[in-house]
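Paired with chain B in one complex and with chain C in the other, chain A is shared by the two complexes that follow.
Up next, the complex of A and B:
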């Protein structure tokens, strides 16, 4: 019997950097499903994921780590839940510039509650440049109030070291 | 606890600032005030630096006074001697010397005295200070909102903009862990220094939270001993995960974090949990303390649903593949 595949899921709302972060890790050219945005396009973001992004890394023992990026629109929830089944960990990216990132946090921790409760989730907060007064504090406070002690980092999804740090934290969280 | 005044006999300004900075850090846990304008007779604690002429004279005079013939003004003063020289140099000056390393030792002796544990008069504490003076004074400079420049080899520098609670550097904090032990100089940073380095327009220069520099100080300053703040606690628990993207760190710091965010832990328990050395763990605790990440009174164990241990962790294999070794 083949062992269960090792899966990492990159999720979060539209414009949080999921596709970019997945690109930092994948050793194959990721399969992406980017389409031109019909609503909400900006100077910096003109396309959005409409199905799943996919990338992979082959380990030294030949096993493959499957990297999935979910679409950010909430009407794709069902797809996110299917992809997350059996996933080793969830990499949740949130855009600090969004109108209500705490609402995004609440939504995605609920969507992936099983992983959050097991500590199999790490948060990367993007677009914190220029933010004053510890921009991560509101995320920590929200999580702590609900009994979660998940890793939260200010990240730049274009920076490979930042994305690797998220994997490192996830690995540590899964160990006692 | 009531506040006590101390008077420094023969201390130079730098060492005085280091002591003041440590006392500032531990706040009301050791309420001591030093005032250069204070009349020595109004101070309840006298600290003599035996490396200075003034300090040696004071100490010799104090020792030469037979107990019965001591001046009335000596009564009630706690006296502590310290020196950076080997004990042998000053053995004639110190009775029953108690050797203590570092400024933390001074604070420990002071604390015991205030708690009434140690001999109240002519207590001999041999304290070594020295290489850590400049880093210690940096804490004080940050607290006083002074801007400073740290200079490292390979033209690496960090400008601490204390007023705006940020620092500028031409290397990412991830690399500071390599440079910090090689610190060459700390000097005041004037507006002209900021302009000459063109911090806001220099593409090699980035701004980072001031916690990055405080974290480094915590990590390196006490060299495996508890910082004055950390020494006040036996059990530690993190308030939340540190933002490691702007903090110099070792991969093992993430494992320590994972333990400390979920459970109150003693150093010994962490050593058992992680198989890391006491020194490594203590430095991490000191760094967390420096950026106020530790609960003052740890109590709560997180009620989560994690497995106690997992065997094979596929993410470790992934990290190895990505070039990260724990």
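Up next, the complex of A and C:
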């Protein structure tokens, strides 16, 4: 019998690049549940995920990875809990240009506490070219102050290599 | 708790939605819950007797989007409704068939209610909701699409 496939979950606040990252990685046409935003739409952001995204990718060693994406709005927290069941690891994307990315970090490490505490989480900081320019060191400091040992990367969710780097880092942290 | 007004829907329109929901209650006596949600998960009208249904509204939007995704995957065409049957009752979620196509009705009733009855009455309610929103088209055009 084949081993259970790896299940990775992309999560993070609205506009952090979850759907984009999953699209970059998936080798099948992803299942998406995006809907037009009736509140808070901007020129660059008009739709939002309301249930889940789904995609698949095969690793070089032939292992199949199932990719799930969660909604970003906090009122969809129940979807995050459903989607995270049985997840091998969590890919937390944080928008560096958000008003308070550390608040987002606190929220999502709490929501996925089981994964965060056992190191089954990797952080991708997106929009690092934005105006706010929070140094990555702040995320490291916040995490280490609370005893988390999680890798943090600056990533562009539109860049497949960046997303793959996150997957490899997660695989490495789960292995050791 | 009072409903939080949604910036894209006028109170005139939500009052008309409330009337449609009351008529649904009349035709389905065992109706336990009915609310109108936007497809991105905001509650915009509910039965006056109901408590806060914000979470249910969000869940209805998720379920309906999954219904759409499954319908597309299995080549079923557009998703018209999603049905949930529990041991103690049933719930239906229907697209409100107006031009904006951005609203969902969720209606739940006890297991004594006939499913076909619940569906047909909910569909009638959806048509009333669609007519109301077509007549108040101006607020809906504020949507960024």
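Annotations for the structure displayed:
Assume the second predicted complex is superposed on the first by the 159 of 176 C-alpha atoms of A that agree within 3 Å, B and C clash if a C-alpha of one lies under 4 Å from a C-alpha of the other, contacts with A are read in each partner's own complex, and residues count from 1 in each chain.
Everything that follows uses one rule, which is that contacts are C-beta pairs under 8 Å (C-beta built on N, C-alpha and C of every residue); 3 or more make two chains touch, one makes a residue touch a chain.
These numbers come from a predicted model, not from an experiment.
Once the two complexes are laid over each other on the shared chain, residue contacts for A:138 go to neither chain B nor chain C. Of the two partners, chain B and chain C, it is B that touches more residues of chain A.
Of the two partner chains, chain C is the only one touched by A:51; chain B is not. When the shared chain is aligned, chain C comes close enough to touch A:32, but chain B does not.
In the superposition on chain A, A:78 makes contact with chain C only, not with chain B. Across the superposed pair, chain B and chain C touch chain A at no common residue. Across the complex, chain C meets chain A through its residues 6-8, 38-42, 54-55, 58-59, 61-63, 65-66, 68-69, 73, 102, 143-145.
Against chain B, in their complex, chain A makes its touches with residues 6, 8, 25, 57-61, 63, 65, 88-89, 117-119, 134, 136, 140, 143-144, 147-155, 161-162, 164-165, 167-176.
The part of chain B that touches chain A in the complex is made up of residues 174, 209, 239-241, 243-246, 251, 254-255, 257-259, 261-262, 273, 302-310, 313-322, 324.
By the touch criterion given at the top, residues 31-33, 35-39, 41-42, 46, 48, 50-52, 71, 73, 75-76, 78-79 of chain A touch chain C in their complex.
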